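Shared between the two complexes below is chain A, which has chain B as its partner in the first and chain C in the second.
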Partner chain A sequence: MQLTIERSALLKSLGHIQSVVERRNTIPILSNVKLDARDGALGLNATDMDLEIAESVGSDIAKAGASTAPAHTLYDIVRKLPDGAQVELSLDGEGNHLVLRSGRSRFNLACLPVDEFPAMSAGSYTHSFSVSAADLRGMIDRTRFAISTEETRYYLNGIHLHATTSDGVPVLRAVATDGHRLARVEVPLPDGAAGMPGIIVPRKTVAELRKLIDETGMDVSVSLSDSKIRFAFDDCVMVSKLIDGTFPDYERVIPTDNDKVLEIDAATLGKAVDRVSAISAEKSRAVKMAVEKGQVTLSANSPDAGSAVEEIEASYDASPIEIGFNSRYLLDILGQVEGDAVRLVMADASAPTVIRDVADGSAIYVLMPMRV
Partner chain B sequence: MARAPAPDAAADAVPPPRANPDLIGQAAAEAEVLRAWTGGRMSHAWLLTGPKGIGKATLAYRMARFVLSQPAPDEAGGTLFGAPPPPTDLAVPPSDPVFHRVQAGSHGDLRVIEPGFSDAKQAQRDLEAGRAPRRRGEIVVDDVRGLGQFLSLTPAEGGWRVVVIDAADQMNRNAANAVLKVLEEPPRRAILLLVAHNPARLPATIPSRCRRLPLRPLAPADITTLLGRLRPDLTESDRATLAGLARGSIGRALTLARTGGLEVYGELIDLLGQTPRMDVARCHALGDRVARDDDTWALFRDLLPGWLADMARLGATGRPPGDETPSGAAMARLSRAAPLDRWVAVWEKTIHLLGRTEAVHLDRKQAVLATLLLIERAAGRA
Partner chain C sequence: MTGTIRPLPETLVNRIAAGEVVERPASAVKELVENAIDAGASRVDVTLSHGGKALIAVVDDGRGMGPDDLALAVERHCTSKLADDADLTDIRTLGFRGEALPSIGSVARLAITSRPPGADQAWRIAVEAGRVGAVEPAAHPPGTRVEVRDLFHATPARLKFLKADRTEQNHAADTIKRLAMAHPEVAFSLSDGTRTLLKAPALTGGLLDDPHAARRERLGAVLGREFATNCVTVDVDREGARLTGHAGLPTFHKATAQDQFLFVNGRPVRDRLLHGAIRGAYQDFLARDRHPVVALYLDLDPAAVDVNVHPAKTEVRFRDAALVRGLIVSGIRHALAGAGHRASTTVAAGLLGRARPEGAEDHPAPRLALGGSWRGPARPSSGALETARAWQAPPAGDTNGPGFAEASARVPDAATPSPEPQPEPDPDPADTPLGRARAQVHTTYILAETTDGLVIVDQHAAHERLVYERMKAALADGGIARQGLLLPEVVELDEAAAARLLTRADELATLGLVIEGFGPGAVVVREVPALLGQVDAAGLVRDLADELAEWGQTLALKDRMADVCGTMACHGSVRAGRRLNEAEMNALLRQMEATPHSGQCNHGRPTYVELRLADIERLFGRR
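And now, the complex of A and B:
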């Protein structure tokens, strides 16, 4: 292997892929990045055995070949090279060392054999479609806060993606829940996604994907099967395992016949909840809402700290109701509302409440009240 | 007697189970696994039992490689010339990519659970320097934690997922309970391979959820063959002695060879052959050696009671000493020198004394001298 590559291009790619490489690894090869030089491009590949990021950078290849080298060390070196430098990569005689030359610097890095590098076999993807970066970002941002961290219900530790219809319109839907709250976001169904299997994308993949989306403004092409998902950006491809489980029938927990409709300014409510919750007990963070005609009274009580009350104007016509929420959960949801007003549709103090952005019908949140 | 070469050189000659392509003398167990696989009745959990050093972990990795190199069920569908013939053995050639990745620990569908490192920071330094880090004596719940997450994700290469627990009887109670959860509700297309030297130490709930695969100790001929392959530097007679001492375990034979067991054994037999008048200076010399070195101490604790037990067994069964080795001769002479009950008492006392010495750090040299004296006295009193 022998090639020359521009420092900034190499740095950008290494920056993307080194984030999946864990700092402490008991398996030596997992600390390494796979370098594969052929056909005028250098392929870089890193994995933690659950997800894999591969990137290809155009470079001047004198001799094709492949090897693996320590990812963080390589990234550190390239980061410290001067801007605009040319980097020359080659293997020494036995292929045990990667030699990096740039200007008057020369580095020798220990390599490990390529055939030890984990394979994330692509297999065959059954469905492929392309979705705009903005849509994908919206689906992730508005659902990821609700992903569960509880290990026993592992099938909740991710975002459930599936194709369905909403009011007769085909949609691609993302759902996440931890049993206390649920977030459901939909976008119009992209071409090719019809009939796709319902899958669960793991939390870590969601986080890595989110970082990559920020750097691209283009469409993301998604391919998936029932055991793998692949996201392709400009030059970057991410392949991940999925959660091997069945997402619960979430439709059942979204109430449809709640009748007490409260409309209120999202920002005002958010700030008030934040203030009042300062007083509530450390762990539960409960806030009580007393809703009556035209007004909501927020209150919190703590036997040690004292009490807090705040009144807010609101539009409400149904019979008065008192209902309690976990303030952190409520704030999480209010944080996703982009329009001015939020609509809370309640039934009673012990039944799930539906929360929606008045200006945006694509997202729906369900929050379980607390007994206060 | 030839001195064993430096331990590192010997250890290099013996591949660890994950890198060992050969398995000898366990054809029956392999056949049972293969029958289960081809019959479509592959159990989700196998408990591989048998003494240490007979190839349980080697078989576990062999099963793992075999299962991992089988095509994913949906890919295996119809082919032009009908279904491929069913596999006839578990071997995966070392040139296979699966073999490389299993050896490197980097196969995405294999998870190995072993005792964790006793010191994480030191372990990181050791790994960077290419040394094998020290491990704890037991598997704790932290070592098992990643298992649930591993099995909750889809396979990386599309086929099966395999977990090797080496060794299952090193799991403490919490770790065993964590594994039990997985054993109770195994995900589809996942196989757990539990290696256990001492299955009786496992909580009863674990063996009851596994298919037992007992491995037999190796035949002496197999041990001799393996020694010839792995330690060609040893002489013919050394190999025969080791095969006799190995009790069917190649691991034990190799440990004995590596830690200088032949030499200690030879010295011990020489001394025992001199009873009832042992050379006091040599007894002290042996005591000094044993006191200095942990390996030699372990050898002495193992070899002397073992030899006494063999001798008592000889006295009880009246089986004539078949071999004309110095050990056989000494055994025959001593077993005639005193009644059986006295030798059994000596054996018990020896075990007790050596055990206490280890447990409360008594003077090892004194323990060696005391046990030798005990034997001398028993033999002399007749």
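And now, the complex of A and C:
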């Protein structure tokens, strides 16, 4: 193997690769990136056995060949090379070391045999469709904050994607919940996605996917089966196992007959919640909302620090209600609202509240109150 | 009219006792092998035929019995193991009731042949369904041979409940395995008359000098070689209790929790506390449906454990269950982290004393300030740099613990866009008693630099304390805030446990946990204490149920707040070995400063120690 490649192109690919590779691995080969030089391109592969990524970068190949080298070390080296540098990669005589030359630097990296590297799982997918980067980004951004980090209910540790209909219109839906709040976002159902199984995409995959989306403006091709999902970008393919579990029947926790409707400026509410909750050092920083005709009074108090109150104008006509929320949960949701106004639809102080961006019907959030 | 109450005949009394002591062939095997071990045998050979239903023969080379002892051995309540004035709080043998042999004799054909080493002949006694025969001379090498034939032939009702030969044989083998694991100095074998089913040779000289190595060897013989090469050594002590043994590497796991063993003072016991504690110790490392292999040996003052709670002596009651649980969790944690426990159990002051260079003896010993010092004088004498408690819980300001811990330690976790409370601009160390966090070591301790010294914080103990103090403050201030669950969680328990929890539902609600009954044997969790963030509600409820069973009915939960908080903090979103970033560490330090009594953990140990610069200088002989 011998090739020359532009530092920035290599760095970009290694950037994707190294974030898939786990830092501490009990299986040494999994710390390595597989390098495969042929047909004018360098292929890079990495896997943590649940998530695999394969990239291809155009490069000048003098001699085809393949090997594996420590991904984090390689990334660190390439990152520290000067901008615009050319990088030459080759194998030493026995093929035990990867030799990296650039300018006057020279590195020898211990290799592991390429045949030890786990083969990319062969794909057999039941559904394929393409979705715009913007749609995918929107689904991820507006749901990921609600993904659970608590691992006993592992089936909540990801975003649930499935095809369904909303008011008779076929949609692709993303749902995440941690049992305290829920976020549901939908986009028009892409061609080919009809009848796809309901799946759960793990959090790590979501995070890696999100980074890749930022670097492309194109459509992303998605293929999936009930155990795997594959995302294909221009020069990069990511394949992930899906969480093997059943996502709860979330529809039944989205209330439909709440009748106390509050509309309020989202930014004003967000800032006020942030201010008022500053009084409390608790991580669960509760804020209480006393809602009455035309106004909301936010309040918070802390046993040692004192108390805070702030009034905000709002549109509200129903009977007065007092309801408490975890301020961070509320802020997480308000942070998703892009339009001016947000609508909170409540029932009582112990029942789930539905929150929506008035200007955007594609997302719905449900928040369980806090009780003090 | 004559009275209708009369004493039962002796045979019947024994048979009733047998019902409790001898449930199946394996229980007889257990009693006989325990007797052999108690007799100081160096080898014990067991033969079973038809799974022990037709014959159980146990041969040992122990101290044997002379003719008089033989006659007494089969009498009820005759034992050589308790002195006249002994009390049941000081039991050092496996047997102590003098019940096993008469019980077995009442439900089987029992024959004992025995010869004390040094005696010139052997003697034999037989008992047939309760009828004791005469002691007769016999031929036998030094040691004892006990034969039990036709178990339960006298009690057909029980005979009916025995399972297939194979099943009974497996139970017996399991029993012998457990005893073999506890006693590596004794050779064990089990045969079905034609095949050797189990063979654990005695460990010889050199190995026995290293008890860990000997045990590992024995565990390898019993649990499989693979375990012996895939385990770490556990060795911790605390408050007079010592926990040793071996814990499998997280990479070596099983589908069931069957291979998790606890031995208390050499006695194999089953304790529900064990599995929960092991789950806690491994929760960072193992998938939820995989189970580690663990063999732990707890040695503690016999008075601190009641072994007389179960007819088959397989359950015990600890005086301080929290201590045992803490030992298990932290012992395994430390072993897995590869951190020498010695550092953690050595008294800090002693460590410093030893670390002083030669020729420095004439300097005064460095002074260690323990938790709480900036508020007043250091707590005297409790100077152990404590083993990290394992229920690491989150520092405040974090509800989104890392899921893929590795990934988030590396990249700023883009998956949690929650507006983290911005860390205050780095405080000037001069302004803060606990200083500025400099590093986290062994993902357990925070090192902080103060204007005139160094502070070491046990992050877990500190956090547990913070949770405790917050709960107390919230209670005093009108209640603990509760987060409602969008998806109420149904937790399956046994009926008694569910009932126990539900009778305490009101009390639990004041502590922030709202549960309701959900059919027999299940509860549904509606609300959880908000200060715990995302919490494993099911795990929390199960542990509380276990604890309630231990604490009994009368105690107010508030009196057990420290324990309840410990359990709750344990199920909070972040676990042991949690990597903290600088902002999180500083946040924890600032919270400790703001929280009264945060200098010691719920169990009275310091949550941090402080080393003044002057002391450090002394260490290096600069003063």
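Keep this in mind: the second predicted complex is superposed on the first by the 358 of 372 C-alpha atoms of A that agree within 3 Å, B and C clash if a C-alpha of one lies under 4 Å from a C-alpha of the other, contacts with A are read in each partner's own complex, and residues count from 1 in each chain.
Convention: a contact is a pair of C-beta atoms (placed from the backbone, for glycine too) under 8 Å apart; a residue touches a chain by one contact, two chains touch by 3 or more.
No experiment lies behind these values; they were computed from the predicted model shown.
Superposition note: with chain A as the common reference, chain B and chain C are in steric clash.
In the superposition on chain A, contact of A:Glu94 is made with neither chain B nor chain C. By the document's definition of touching, of the two partners only chain C reaches A:Ala286; chain B does not. Ranking chain B and chain C by residues of chain A touched puts C first.
Looking at the shared chain after the overlay, A:Asp115 reaches chain B, while chain C stays out of its contact range. Of the two partner chains placed around the shared chain by superposition, neither chain B nor chain C is touched by A:Asp167. When the two complexes are overlaid on their common chain A, residue A:Asn157 makes contact with chain B and with chain C alike. In the superposition on chain A, A:Leu30 contacts chain B only, with no contact to chain C. Of the two partner chains, chain B is the only one touched by A:Lys241; chain C is not.
Applying the stated contact rule after C-alpha superposition, one finds that A:Asp39 touches neither chain B nor chain C.
Residues common to the contacts of chain A with chain B and with chain C across the two structures: 24, 26, 151, 154, 157. Remark: chain A residues 24, 26-30, 47, 49-50, 112-113, 115-121, 123, 151, 154-155, 157, 202, 226-228, 241-245 touch chain B in the complex. Within the complex, the chain C residues that touch chain A are 251, 283, 288, 394, 396-404, 406-407, 409-411, 413-419, 470, 473-474, 476-479, 481-487, 489, 527, 530-531, 533-536, 538-539, 573, 591, 594. Contact residues on chain A toward chain C in their complex (touch as defined above): 19, 22-24, 26, 141, 144-145, 147-154, 157, 177-182, 203-204, 206-207, 210-211, 248, 253, 274, 281-284, 286, 303-304, 324, 326, 328, 331-332, 335, 350, 352, 366, 368-372.
Those residues of chain B that touch chain A in the shared complex are 72, 75, 97, 100-101, 103-108, 117, 120, 123-124, 127, 148-149, 151-158, 187.
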